[in-house]
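After the structure tokens below, expect a handful of questions from me.
Going in written order, the chains are labelled A, B and C, and every chain counts its residues from 1.
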Amino acid sequence: MTTGFWRQALAVTRKEIVAEVRTGEVLLITAPFGAVVLLLVPLAIGTDRPLLARVGPGMYWVVVLIFGIMVALRQSATDGAPQRDLLGLLGIDPAARFAGQAIATTALLLLFEAVLLPVAGALYSPDISGWGWLAMVGLLPMFAVGLGLLGTLAGWLTVSLTTGRSLVPLLVAPLAIPLLLSATQALEGLRLRVSIGGWVVLLLALDLILAVAGVLSARPLEEASR
Amino acid sequence: MPPAIPVVEFAGLGVRIGDTPILRGVDLRIEPGEAVGIHGANGSGKTTLLRVAATLLAPTEGRGRVLGADLFGSERFDVRGRIGLIGHTPALYPQLTLEENTAFVASITGRPDHLVTEVLAKVGLAGARHRRVDQCSHGMQRRAEFARVLLTEPDLLLLDEAHAGLDPLASDLVSALARRTTGRGGAVVFVTHDARRAATIVDRAYTTADGHLVPGP
Amino acid sequence: MTKRRMLEISAISAMGFALALGLAVPAEQVQGHLSKMLFVHVPSIFLAYVAFVVTLVASAAYLITKNLEWDRRAGASGEVGVFFTGLAILLGMVWAKPTWGVWWTWDARLVLTAVMFFVYLGYVALRRAIPDRHLRARRSAVFGVLAIVQIPIVHFSVIWWRTLHQPPSLVRPGDIQMDPPYVSALLFSLFAFTLVYLALVNRRIDLSRIEEDVEDAYLAASTAVAGEAVTVPDLEDVGRDDV
């Protein structure tokens, strides 16, 4: 990976972050929506405290997963045909473009997770120890990287399709199950005081595999986008 | 300057989309320093031809080379950075300012930052460079695209109705850009249905009709 | 000194005085100094309700008169209302943790406040999303009216939902023994918060006008061929191939 690769990737990242700052799609729209869902669940299932404390961490991760897909799908990251043509004719390395988008989406997902974490913490009062919170801080970026990569990949798979945007959640959600299991089971493992190393390794391996898959498939996907 | 190979070289080139032929038996040769006009009614295949020349659409039959690269092979990706396209819809990011858009192009193509301000000033956008694209008129957006062409200095400049909706001064910019490109040894393809306007710019003209390309305006 | 500036100075001084008064009243028997959260929590939630009622009235007035001044007021009040609602929730949580041992409880009033916060956050997001001011005014006015119509319905649904569950027995603001010094400190605090509300709303309205002026200036410049922002291109320079 040359300096040119990273210069191009970071230019894409910067462009997407600026667009998010101008539109506030993630912070002002998707994040509040996620918070509302966290509020809705106890209204539906009951507010029994031990019950909520028990389901809290799982609910948090489910909401982060589903609404994280919306973060990956955000309008400001969806390039129209003229913009895609432009990027092609600027001679941008498709892998750099993929990396740049995935970095931007991951960063926004982290922000999204950080906003929802205290909301879930306050609403569900989960039974998480000091170590558990520390583990959570470690899990957040690993989960964000995996979901960011998956979302970006699915976005590329569905580009210029008429049903594209609504197809993405269906493609991502089942594939994200290992992410969900790793994150929730790592916390559960801490609670039960059993080793969580396996889950962490699984998360990291998944992140790595998705990153490699994304970078390698960027060129063929871009060629199939017109 | 590389040896003077033709910038565009199409022989019997055709494009089918599904079963529908869009272009058939197109022969076209454009040498460095030439500007060529392509006219024709709506839906006659002008834009398709332009997209093939831009390497964005792969032809399905015949032979075709752009800047020496075979359009049927993967080498066409290597010449993409040398092609400039100004299409119907401005290729700008609406939430970014004019300057941010141009700076984005500069970082992707590795051009120095100071050029960004310079090219924007040259097209008359120095005072508007901090304005967001979605707050700019069509003419201003077009000018920003011209600034992009000044920045990337393409060897093949493709203009698709680039005059549409422009004031006279901005129209003159199109001619100036074309002159600049041919002066550097590049080539210009100018697609428009306004043959009269194009006549002042182009060396030769063609007309598309029923998927064929015939000489003459 | 402008009226606006006078209002702002009075708001700041009133807040200072309210703070001093709040600190000066003796600690309450059951909750101690914690009970003084009352002086900030209650005015916040009160002003939130005031703000949303103002949004309702101004939205309706806009729909009737089509005067953008009403729209600006509706929008400003809605935004400030979201701020006060968020503040009330946060202050409530800070108060709840030492009192009840939890940050949050599923009390009907709390749930309702949270719902209200999100409804008006949606209102603010809707306004942000519509660039054209007349379109924005009309659509957000409809939502501004609809939102408050929904509030009582949400309120009752939440109350009914709550009665099915065992409501937790909690210490409420009303349970605090309200001696006369307490009442006067609370009332003064309400007064100070109201001034802050007015000052914020006025500032926000000013800001909307400035935003619109900037938009107009942009628009004027982009319709003129060689407006201030767009100048004559350097044709010579562009046409030359050696630069």
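Remarks
Criterion: contacts are C-beta pairs under 8 Å (C-beta built on N, C-alpha and C of every residue); 3 or more make two chains touch, one makes a residue touch a chain.
Predicted model only: the values in this text are computed from it and were never measured.
Chain pairs A-B and A-C differ in how many C-beta pairs are in contact, and the one with more is A-B.
Core chain by CA centroid proximity to the global CA centroid: A.
The chain with its Cα centroid farthest from the Cα centroid of chain B is C. Centres computed as Cα averages put chain B at a distance of 51 Å from chain C.
Separating the centre of chain A from that of chain B, both taken as means of CA atoms, is a distance of 37 Å. Chain A and chain C have CA centres that are 31 Å apart. On the chain B side of its complex with chain C, the touching residues are 121-128, 131, 134-137, 139-140, 143, 146, 150, 167, 169-170, 172-173, 175-177, 179-180, 183-184. Those residues of chain B that touch chain A in the shared complex are 54-57, 77, 80-85, 87-93, 95-96, 100, 104-105, 107-110, 132, 152. Note for the complex: chain C touches chain A at residues 93, 102-104, 106, 111, 114-115, 118, 121-122, 124-125, 128, 158, 161, 165. Partner chain B is touched in their complex by these residues of chain C: 131, 215, 218, 221-223, 225-226, 228-235, 237-241. Interface of chain A with chain B (complex): residues 4, 7-8, 10-12, 14-15, 18-19, 22-23, 76, 80-83, 85-92, 219, 226.
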